[in-house]
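First comes the structure, then the notes that go with it.
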């Protein structure tokens, strides 16, 4: 069984992070692509949260400690390398999860979308890892910053390890973090939710 | 008469901007100093808003369009040069206003505080204007970005013009903006208020 | 051999391989580039609300809309490239101010209702301007416009519907909607450009069948379309002179503040500096990424 | 001539001009620097809540408190400088990991109630640790501590009062308060350092009268102080083994998870990376400002 709240929250929070890229991407193609990833995840979030209750009540009226998303997805966008590394790691986890639940509607439909996400991230990891000294350095820093959050997802998979090897990027040797599934979040979640919820909360009971 | 809502909102919004610097200043001395400016302004905001109603209701429960602050104070912190230029321009306006209202309690007490603010900003403008090529360039950019917002305050005063001359900084030649006093704000105010209000609004009616 | 003028006279499409006058080419580049720039700058006033949309459904709609605008930018830069100019050159011209984007995007979006007013009025005006461009003489531009107009009319309906919901919501929502319409109405009318008596490029563009109708004709068409829609919304258009003229068979409307139009066009609109600063900073921050992609492509090509 | 040992034996203050053993000097530098670093890193967990404080009064209190912490950092770096080491060197040592700050600041502050728990428990533990330092043998450090302890006890009362308000507020507020106490209790007990049986530097520091009490004694004093305060708050301390021991005249308490203590100390706490990354990025972003100030000072000196 896919946990509707955990994965729904993952998709919602990661989608919100990607929305923060809109109009700020390095190329117009990436503006389109990142919005596309955000849309896919928002769609999956809505389907999953609707299983757990009313999608808007869940998205807009819970406190940070009531969110069940993993810590990885709430990490800030940082530079493009951070966003791509985060997406590689998360889409790899989600692809695997969906792939193991072919009987689940959301997973069955979502697995194709997420396969694209994972390939998109893979291609950029190669470009960044093998591109310039600066892109290699930034991607290494992103990996070190985000790797601690893979433990909560029982990652990384052989796919990720292959991508890193192909991109000449070292697997970081850092301790793991967890707590998101229990509502113990990093300090980055509350400001993200503040922005997400502000308008909805300012007009209690209004229809939109 | 000092308009309690206009100037109270100015002080509140500028204080909130300065709070965003805490732990991020270029030196520990500046961390102390910027927090000090923020505290002075917050104190004045509280006194002024309390004249217009309940300070917390006014700060936490109004929509952006109901705020009467000038556009200058809601402009983002940018780099340190932006923050200093903004503070020079605003403290110059406020000093003048307070100075012309010696019979007003808040003005009478605040004028000494704001005189310090203006001197603090002046000294940094000199350091930045005359320091390095980079600091000169950044300060010039900050002046050009923020100058459009001085018209709403009927500035600049001879004091500001003298400081700029002394610091070898040119007076920008750009058109003026206004609208804040009518509630017509730039896009920067709403996110600032979202952060300021999020917790208070999440617990309607709670005491803190 | 079929000449350029034969194609124009026969109302046929000019294609990239065809000979064309240099002035036709540069006029088209200028117009298509300005249009492309408007799409990407036009993402900003709406983009800032995606993260704050008040329901997940509205968030998805707005996100998809802004994504479409980026897509329109891609089609249009592509159409301009068929005229022998690279996207990088056009972006440089935008960034250093040699080329423009539509002035309408220099107005701010302080409230959520602006998402509705932009959809209804700004996209509405864009459609009235752009539908005739689907029959424009230059093939790649005309085909891009067909696709764009289809998507824009979808956006316009969504904006109208958003505004309708607000106008029939709480008193705060209704007043938010009215305020947005008050702020966007006049700038929307300015989107059709200066009055025919002062329009500079129009005659030649008409002769080349790039442009098909005059600025004032299109503006009138837009006003006539909006008045009954505003009635259904239950919102007031902020023009005391707006009334039906049975003799003309059109709505009369008040004087447009062309002084404001010129000020905003000259760079002194409420958001000109912010829009350009945002655009340039995104471009600059992405430089290392584009460089990495180029280096990787070169390496892979070896 | 009065020797270093005479001063220590007479319980007098060692001053910067006095001769002192090199090991005394380096021990003090290490301890004062760690204390100074803790003040400035300690601004971060609270700093992120200033902009979101739920009332203007609380915002002013929290802002003033965080400002005091920056001020404490200044006193302490100043005290360290009397031992012949520049603040820049100490900051470099912090940034490259050669010097530490208190592990307690590697825990996150997810809710507003954390502002209360930090004030009550973290500042409370700091005071128990620091009050004896007001009688420390090194004069400048002792004097800085007098000032700091006075301000900290003020902060502690404010934190306690904040928590008291939450604990007597809405059910959500009360549960927020309990949750914060649950998270901060054990890490606060760890602030006194490893058990006496494993503490390395203690004996020498006691002999030099830098340290006056053992880690375990101070920890017991803290527990004895907190238990009755928790009762007044109406909050539970998360330790089932906590009970009065009439024989000892102290509260017994459960086993501390020293494995967690070591992990966090070694860099694997919840926020170690974020705290250092934040600190370093602020320092790096301020480099051009410090450089401008230096250039201006040099110019003015000419």
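Order of writing sets the chain letters: A, B, C and D. Residues in each chain are counted from 1.
The rule is short, and it goes like this: contacts are C-beta pairs under 8 Å (C-beta built on N, C-alpha and C of every residue); 3 or more make two chains touch, one makes a residue touch a chain.
These are the chains along with the protein names UniProt gives them: A, B = Ring-1,2-phenylacetyl-CoA epoxidase subunit PaaC; C, D = Ring-1,2-phenylacetyl-CoA epoxidase subunit PaaA.
Not measured: the values here are computed from a predicted model.
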Set of chains whose contacts include both subunit B and subunit A
C, D
With one step meaning two chains touch, work out the least steps from subunit A to subunit D.
1
Look at the interfaces A-C and B-C and say which one is made up of more C-beta pairs in contact.
A-C
Please tell me the distance, in whole Å, between the geometric centres of subunit B and subunit D computed from their C-alpha atoms.
33
Where the CA atoms of subunit C average out and where those of subunit D average out, how many Å apart are those spots?
57
List the centre-to-centre spacing of subunit B and subunit C in whole Å, with centres computed as mean CA coordinates.
36
Quick check on subunit D: which residues sit in contact with 2+ other chains?
52, 172
Would you pick out the residues of subunit A that each touch at least 2 other chains?
63, 191, 194-195, 198
When you draw the chains as points and link the ones that touch, which shape shows up: line, ring, star, complete, or other?
other
Please list each pair of chains that are touching.
A-B, A-C, A-D, B-C, B-D
Of all residues in subunit A, those that touch subunit B in their complex
63, 191, 194-195, 197-198, 201-202, 204
Parts of subunit B lying in touch with subunit D, wherever the complex brings them together
12, 16, 19-20, 22-32, 35-36, 38-39, 42-43, 45-46, 49, 55-56, 59-60, 79-80, 126-128, 130-132, 134-135, 138, 195-196, 198-200, 203, 205-208
In the complex, the residues of subunit B that touch subunit C are 63-65, 145, 148, 174-175, 177, 179, 184-187, 189-191, 194
Contacts from subunit C onto subunit A in the complex sit at residues 40, 43-44, 47, 50-60, 63-64, 66-67, 70-71, 73-74, 77, 87, 112, 165-166, 169-170, 172-173, 278-279, 282, 285-296, 299
Per the contact definition, I'd like the list of subunit C residues that touch subunit B in the complex.
45, 48, 52, 108-111, 172, 179, 263, 267-268, 270-271, 273-274, 277
